[in-house]
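Which chain is which? They are A, B, C and D, in the order written, and residues in each are numbered from 1.
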Amino acid sequence: MVDSEGTRERWREIIFEAETPSGRRFDVVLLVLILLSVLAVVLESVPSVRRNVGEELYILEWVFTGLFTVEYLLRLWTSRQPIRYARSFFGVVDLLSILPSFVGLLLPGGQALMVVRILRVLRVFRVLKMVRHISGATVLMRALYASRAKITVFFLALATVALIAGATMYLVEGEAGGYTSIPVGVYWAVVTITTLGFGDITPTTQLGQLLTSVLALTGYAIIAVPTGIISSEISKIDGDESTLACPSCGVHGHLPDAKYCRRCGAKFG
Amino acid sequence: MVDSEGTRERWREIIFEAETPSGRRFDVVLLVLILLSVLAVVLESVPSVRRNVGEELYILEWVFTGLFTVEYLLRLWTSRQPIRYARSFFGVVDLLSILPSFVGLLLPGGQALMVVRILRVLRVFRVLKMVRHISGATVLMRALYASRAKITVFFLALATVALIAGATMYLVEGEAGGYTSIPVGVYWAVVTITTLGFGDITPTTQLGQLLTSVLALTGYAIIAVPTGIISSEISKIDGDESTLACPSCGVHGHLPDAKYCRRCGAKFG
Amino acid sequence: MVDSEGTRERWREIIFEAETPSGRRFDVVLLVLILLSVLAVVLESVPSVRRNVGEELYILEWVFTGLFTVEYLLRLWTSRQPIRYARSFFGVVDLLSILPSFVGLLLPGGQALMVVRILRVLRVFRVLKMVRHISGATVLMRALYASRAKITVFFLALATVALIAGATMYLVEGEAGGYTSIPVGVYWAVVTITTLGFGDITPTTQLGQLLTSVLALTGYAIIAVPTGIISSEISKIDGDESTLACPSCGVHGHLPDAKYCRRCGAKFG
Amino acid sequence: MVDSEGTRERWREIIFEAETPSGRRFDVVLLVLILLSVLAVVLESVPSVRRNVGEELYILEWVFTGLFTVEYLLRLWTSRQPIRYARSFFGVVDLLSILPSFVGLLLPGGQALMVVRILRVLRVFRVLKMVRHISGATVLMRALYASRAKITVFFLALATVALIAGATMYLVEGEAGGYTSIPVGVYWAVVTITTLGFGDITPTTQLGQLLTSVLALTGYAIIAVPTGIISSEISKIDGDESTLACPSCGVHGHLPDAKYCRRCGAKFG
């Protein structure tokens, strides 16, 4: 029993730890497996590929499913609170990465089966687990979190503009111009204000072209707003991280390699 | 009379205050009503929806109009200066959100009626009233206001470039290329410089393609200008907020290593 | 003679000064005239307009030309160094805004005449003269000037990428895909990397689509570079302008409304 | 022998040095030659040009090849470690700029020959050698290098979004909408999220248009992230450069109000 405890301990280290050598090796292998399995799902959707190597991909798919199933069971066995892990975001993602293959067996086939099969691309989310270990990620997360209020306001304003612009174009151009309803007009407005510009619906009247120009310039200028928000947040966070405070007089704004306080000249420890 | 005064007082609190619990509850209910009524107008414009549930939407529309009318009258009754409220921006918006429905009754129908009906999407502006309470909004407003001069200059320069480019393409490509007049050329120039790129009008000659490349690169690079303007403004404002306040006179914007208040000269503890 | 000298003096003040009341009034009137004359040229290019009010526009055009001619002669007469003014950038612009109309008289008509007539939109440049007086303009100019070296490097790199990408697509897609030559390929690459995306030429092969995705992501990411350059320049310039130095201890970084030095507490004059 | 040594010395100075007058003159001449040779390759790909002056371009091409060959041999002869130079990045680039012409002689012609001929546009990379001398370049390089971790995270997230979005549209719109496979769907997702918007594949169903709007708004907003990253890096680097250096130990990066060097503790005058 104790021995089995020891085994569980060792396995937990390998599976859940990212800092130990064995844990890192495990993560790398897993990462490669995930990417390969996603690639397989993607390639399988290409008609020509499916025709030629569909058989092989099917077998490969079950190999991946088998490996991920073993891994999932190991996680449940080794984790200290199996229930909590199973309910956690990544626990659900792990389950979702194997479920579709099994569900696929029960389905008669056709559209429903296809949907389930494609659900497997969700495995890509498992990659995000690894990303947490990259230093840059935390800064971006903090920046986005800190500016959520401003971003919300920005999107509310943007939605208002898109709604008004879409309704206006629906009036100005109407059915003839392809603006068959306000929703379609709003779709067009979003495509225009984001400077996406598919060109599937375009203004035909002179007034419509004038409104389009105004909308395009608006979108072109206000892209500056979210950019400004994120920029200032990132600078602030980077700033916080890159300056030290003096232990004796407490003055801030020392660069990381400072050895003496720029105010009182006290030597840093 | 006094009692009625008390009632008015209580109602004013509910309708105009956003900080009291009852006031906040009122705001939330109103927000939901506004969004639902706008959604109704939007859906009504979809042919299939109008065919199936047009009747229900018509009734629903009058329910919303009724509620908003009652609210508008309450605001007039409870506000201390009814005239000033009625003339204020949001007072006009409130009126505009009920007027179209009534005007619609007097109209024979057809295009005019449709225009009036769609005017009801303007109700969405009422949402902005709520936005004022989100902290982020004020910072964005201040940033945009502080950089209005620079933004104006930027748009003047942009308009000049678009005009010259549009006229040039009208000369280079001409009718054959779809550039039937300078206004059309300017419309194309705006679509190009904002990197919108609908593709409804595109250069066909080699010279035209060269000019397009130059214009696209210009637009691609100068988007940096408004972004830079807003970014620096937002950082400045955020900076002001993130700095010390004087304990004696309370003025903000002291750098972290300030020893004396820059306003009243009081020594910091 | 002296009197005439006085008249010249007075006229010079009105025409060249922008700070005196009369000078400002003159500038405003001129600005309106310029914009109207440009509008006339633009409208004249619209077939329907030309058909209906072509006659009136022709007369109007000569009124503007007359006024601008008088103004140009006044400037020559009143300026202290007529030759230097005539050779200055704005002197040439002023001349270019009247020349086309006169040259038009000598031309037989047709394309050449049309070109000359459209040259009159160059009058819009005269508006820039006024812009100089807007405070924001100087900051933008300084920011763009300070970052010219970085911008140059950025455009060199961009041009290199566009050239390589254009040549590659010419190889990958070839004539069949519409990439009939390397210049066309480069045009497409610029349209893609600036995220303009007209859609007049699009990849048809899978390899082409892959390359397009990579190029689009590149353009999407490196737009950050010029933006970052300009942002940091503008912040720097704004920073310089918005901080004072203490007259007694010389410490920098005081906000504009500082009354006391944050280091030594000395009162500002 | 010594004399020959002297000659080598002199040649090395001319070819490898960029600071000496002769070295700078050499660089300028070389730059012009490179650009002209690239221009020749580009023009040769235009059918009409090839028909008219193909003969002349062919001869010109060999002149350039000859000059670059002589230059390459001189570099090998004069450099102190010929092997190391030949293996260095720019050594390989120099070789690549002459190799294709010679390889072209051995090829039967057709596609293979064409590929080799177009490989000559790689000569443009040699221009980058000169760029190193522009001050701005180093700042950009440092900024991009410093933010590589954040940029990587950003692209990982972007790729995940594009993959999920592409797979979803493949399900929602399917073959009928032109989304013939997940790779095509991902191509479309990239074109949409980067706001490129070719319009060769566009949503036709209402659900598809809704998803497109969401994706477009996402791309429109998150462009702010890389921009913010680079902006803050560039400001940081510029900041370092624009701050004081210690008179005794010369370390940079002191804030304007520093009184003691943060490295050696020397008191500032």
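Note that in this section a contact is a pair of C-beta atoms (placed from the backbone, for glycine too) under 8 Å apart; a residue touches a chain by one contact, two chains touch by 3 or more.
Here is each chain with its UniProt name: A, B, C, D = Ion transporter.
As the structure is a computational prediction, the values presented were derived from the model and not from experiment.
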Which of these, A-C, B-D or B-C, gives back the C-D interface, meaning over half of its contact pairs coincide by residue number?
B-C
Higher number of C-beta pairs in contact (B-D or A-D) found for A-D
For subunit A (Ion transporter) and subunit D (Ion transporter), let me know how many angstrom lie between their CA-based centres, rounded off.
28
Centroid from C-alpha atoms only, then distance subunit B (Ion transporter) to subunit D (Ion transporter), rounded to Å. What do you get?
41
If I count partner chains per residue in subunit C (Ion transporter), which residues reach a count of at least 2?
151, 154, 183, 186, 195-199, 219, 223, 227-229, 231-233, 235, 253, 263
Okay, in this complex, where on subunit D (Ion transporter) does subunit B (Ion transporter) touch?
195, 197-199, 227, 231, 257
Which residues of subunit A (Ion transporter) touch subunit B (Ion transporter) in their complex?
147, 149-154, 156-157, 160, 163-164, 167, 170-171, 180-183, 186, 192, 195-199, 202, 206, 209-210, 212-213, 216-217, 219-221, 223-225, 227-229, 231-232, 235-236, 251-253, 263
Mind listing the subunit D (Ion transporter) positions that touch subunit C (Ion transporter) in their complex?
38, 41-43, 45-47, 114-115, 118, 121-122, 124-125, 127-128, 131, 134-137, 139-140, 143-144, 151, 154-155, 158, 183-184, 186-187, 190-191, 193-200, 219, 223, 226-227, 229-235, 238, 242, 256-257
